[in-house]
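Down below are the structures I want you to see.
First subunit A sits with subunit B, and in the next complex the same chain sits with subunit C.
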Partner chain A sequence: MALATATMTPQGYLQAQSRWHPLEIVFWLATLLPFMLFPDYLSLASQIAITALFALSLDIILGYAGLVSLGHAAFFGIGAYTAGLISKFGWGEPLTGLVLAAAAAGLVGFAVSFIIARFRHFTLIMITLGLGLLAFEAANRAHWLTGGSDGLQGISMWPVFGLFKFDLYGYTAYTYSLIVLFIVFLGTRRLINSPFGLALRGIRENWVRMPAIGADSRAHIRKAFTIAAAIAGLAGAVLAQTTENVSLESISFQRSADVLVMLVLGGAGRLYGGLIGAVIFMVARDQFSGIAPQYWYFWIGVLLVTFVMILPNGILGG
Partner chain B sequence: MSTPAHDAEDAIAGSAIALATRGLSKSFGSLSVARNIEINLPAGARYALIGPNGAGKTTLINLMTGMLAPNAGQILLGGEDITALGPQERVRRGLARTFQINTLFAGLNALEAVTLAVAERRGVAGRFWRGVGSHSETIDEAYEILSKLRLGDSCYQITRELPYGRQRLLEIALALATRPKVLLLDEPAAGVPQEESGEVFEAVAGLSDNLTLLFIEHDMHVVFRFASHIIVLVSGAIFTEGPPAKIAADPGVREVYLGKRKHG
Partner chain C sequence: MLFPIFGVLFDGIAYGMLLFVLSVGLSVTLGLMNFVNLAHCAFAMLGGYVTVTLVNEFQWPFLATLPAAFIAAAIVSVALERVLYRRLYRSSDLDQVLLTIGLAFISVAAAAYVFGTTQQPVETPTILRGSVGVLGMDLSKYRLFLIGVALAVTMLLVAGLEYTRFGAQVRAAVDNQRMARGLGIDVDRTFASTFALGCGLAGLGGALAIEIVGLDPNFAFTYLVYVLIIVSVGGLGSIAGSLIAAILIGVSDVAGKYYAPELGAFLIYLVMVVVLMWRPLGLFGRR
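Presenting the complex of A and B:
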């Protein structure tokens, strides 16, 4: 890792850390393959991109700041319901929906972050789990607004930029999801390579030392959690818009658990871990549910145990 | 409240008090770990804090830096009462510490760790829209601190893979990055083989004269060589204090501390 750094200036070294690796370019070019190779699977590809976006948001708090959350779907769900409701009540313009959904999820995330920033470890797991369940039951209970277990019906999206209608084949959906994912990825990539990203890694690496270098860890955590919540809300909004439906599943514990599985599978704290984990998880789910519609989680379990035993730090964990 | 003898010396020297404690007390249940501690650290002084194991030396540093809350008493930094402030506010006002057991960022390299500490001091650590690599002043300052402690050539090595002695120096580098006025060193050479501990103390000795130092150390050769004043702590209370020659000649100190050391 530190090879050939003898001639490098400290600034050059740190700049090189954030330089684009050729494999990254290959990865992003590969995201275009479904258009050519799997045109029948564009809806699945779109769901993968959305899930990857969700995993990316969890990576900021879990992978970088080292805070485990078992309730991250709350923000995904808030984004999904916000985007869905805006459309249902007559405003079907997608981009406004995205902005408002991210704002709503970010706002709730900001409020919750004051609790989150005070706790760690098991306490934090319990708190996030509790908050997640709370959000789920609230959505379930508010049947008049969310449709409860029937799902939110009546969403009708206008064409993107007034030009691109969401079609049955998922062509627009995948393009739309992919662009949102890519833009947010660029922002997240910048964030983790910034001084703030370094501070988050500092919190992960040594929580005790942070105050001793004058750092206000809680302020950092509040900021990171708010950003992560907004991105999760964005992911939920894209799902609501591209599928024109919001089910209770989008705010369920299952979704919180799944995203954690994907991130661990792919490698937390590596930026691409969540993306690769999402691809593997979603493709596996698609395939397994084809084989055994009732028991496909059995195979996800096998996959998870095998992967984690062979690669305890995830696929990208080295 | 009795007036400690050294107050007179300090008054004569005319030096301002950088850090002071007034009646500082702390107990865990019935165990009293700090009893009515009165310390005056003149600006620019090099004080050693010695005492047998369990005397409460680290506890005292924890109280001063806000990692523990006292039951009674005050802590004054440059005359300002900082007793109610949290650890990071005290650091920002110029009170830094190092840890006896390495408390480092294991997964960061030395450059990243010190750059983070400098970024925190400069108030840029919350910025997420620009890469670390473009904060050239912050990086230059971090590298300067690392070079001063002769860590320049190993600053790209991940902390957990650094040799132990270098990790001890990194402890000091992180503290210096906060630009302290007062630095509390908790056994800076702890765990370092004796032949290498000199290197750590040479680094300590090379610190700026403006920096006020209080260090805990067990090696009496080191203490007598580097300290201008020694405070002896026993069972959470100040047993005695004074210049090295006075402490070395004190039969009571020999009994409670020096004598014990030979067995322990």
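Presenting the complex of A and C:
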């Protein structure tokens, strides 16, 4: 195996990496199962797809570039509020809403990336945490715009392509979220298996040495962070559009922590890590929703400790 | 007009002193041992609940429970250090963050299970109640007591780390573990003691905090943010830095709440982000 990789050309290596595995096809076919098997749970399925999209965006910066962020929900929230506000002020067309929300989150992400790229380790954790909390406070205080702790009300979406209305059963919502997730996943997969993706992994392994082989670490981090922010914004926008509501929770520290937990449980640095983590986390939370939230976090805590001690690379290993 | 300014300043300093006792332990463990311990305030919460239980269930006097809070937090932290933390001293930040955030989640749930989610009251001795008049101002006795405790802790810590044999061993173990081992220093034991000291101080801080900010299971997360801000602004491992940062944050928080309540916590987060961008190692960070 090691020999085969050693004799392969770089192009050959990347092509081999990007070949579709049969299990991947099985996975994506399985995402269609809820339509047939659990038609009552389509809203949950839609939430899972959105969360998976969010986890995928964190995977780009955390799993591949190795940057720990405790404030990623800021971009999710920016996307959600942008999409919600556009609709509230009279433009309910979903697809343009998505594009604008992703652009808003991406723009903020691009501005922030100049800060992010300068720091590592504990300072970076603290700066992302601080920026995340600032975003939360801003949303909380701008009551006139965001509705503060009451949430953003009065969103009403037009049907997708003028044909598919967002129904009560979540049929359209799940289809819509799944399609967005799949398209973004294809893009991310392409990105990760490109030389750029390889450079990100190089940065994760050795940040100082990458510039020596001609890859400017900071420029790569800025690009990766902007892309991740835009995807997070997209996820937030899909949530705002499918639920026609944006709560303060969508920009909270809780959401940043949750997505980190599920990515790590699934396996950071693997394309399917965030997806599988999101499925397990959300289904488990739905099943245990009877118990009080503080006890739910007890089990999350136990899981985290066990994983760090026994399975440090998540369910998918690696 | 003069009174509110001094009143706010006094309250802010007292609050800062409380935050200092809560956070200095983390500054020591994080700065000296490079371990990102997000469960630090869980140890503080433990100290708080020890005090509440001893005062309310066993009728101990408040002051006698303070050493108990220190010792309980220190003992639990050593147990956890031996079993869990020590395996991750060389791991990535992410693993340390995940382990300790997991422990913090567990502590919140455990506290809610045992004590319920309500605020816990505690009765302070009569000698610390009320206020004394100084230069025409009424200063709360409890806040004066807080300031006294914090100053004593600072002096003991500085003296302990700078002038004692134990302090020299800690600094040697941090600077060069292999060399320290070669000189016959028991590095594992030194780290365990340092960790116990840091968490014990958090326990003490938690016990002292009940009177000022109250105690409920969310303490482990609410004050974690403050503590992290102070440690990162002050500079890792710098005791004087933590003290100054704690006063800075304490005064800006109280002043912000008094003069610009609509800003909320915006001000301190902003202070932190700006300080870190200007000086990534904190105001007094050396490494």
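In the analysis below, the second predicted complex is superposed on the first by the 291 of 318 C-alpha atoms of A that agree within 3 Å, B and C clash if a C-alpha of one lies under 4 Å from a C-alpha of the other, contacts with A are read in each partner's own complex, and residues count from 1 in each chain.
The working rule: a contact is a pair of C-beta atoms (placed from the backbone, for glycine too) under 8 Å apart; a residue touches a chain by one contact, two chains touch by 3 or more.
Bear in mind the structure is a predicted one, so any value in this text is a computation, not a measurement.
S.K.: For A:L133, select first, second, both or neither according to whether it touches subunit B, subunit C, the two together, or no partner.
M.R.: So A:L133 only meets subunit C here.
S.K.: Contacts for A:L107 in the overlay, against subunit B (first) and subunit C (second): which applies, first, second, both or neither?
M.R.: Neither subunit B nor subunit C is touched by A:L107.
S.K.: With the two structures laid over each other on chain A, which partner does A:L62 touch: subunit B (first), subunit C (second), both, or neither?
M.R.: After superposing on A, A:L62 lies in contact with subunit C but is clear of subunit B.
S.K.: Thinking of the overlay built on chain A, is A:L44 touched by subunit B (first), by subunit C (second), by both, or by neither?
M.R.: The answer is neither, since A:L44 touches no partner chain.
S.K.: Tell me which partner A:I280 touches in the superposition: subunit B (first), subunit C (second), both or neither.
M.R.: A:I280: touches no partner chain.
S.K.: State the interface residues of subunit B toward subunit A in the complex, per the touch definition above.
M.R.: Those in contact with subunit A are residues 65-67, 86-88, 91-92, 96-97, 99, 103-109, 111-113, 115-117, 119-121, 124-136, 138-140, 142-143, 153, 155-158, 174-175, 177-178.
S.K.: Would you mind writing out the residues of subunit A in touch with subunit C in their complex?
M.R.: 62, 68, 70, 115, 118-119, 121-123, 125-127, 129-131, 133-134, 137-138, 140-141, 257, 260-261, 264, 268, 292, 294-295, 297-298, 300-305, 307-309, 312
S.K.: Show me the residue ranges of subunit A that touch subunit B in the complex, using the header's touch definition.
M.R.: Counting only subunit A, the residues touching subunit B are 1-2, 5-6, 8, 10-18, 190-191, 193-199, 201-202, 204-206, 208-216, 219-220, 223, 227.
S.K.: Taking the touch rule as given, give the residues of subunit C at its contact with subunit A in the complex, in rising order.
M.R.: My answer: residues 30, 36, 84, 87-88, 91, 93-95, 97-99, 101-110, 112-113, 117, 217, 225, 228-229, 232, 236, 262-266, 269-270, 272-273, 276-277, 280-281.
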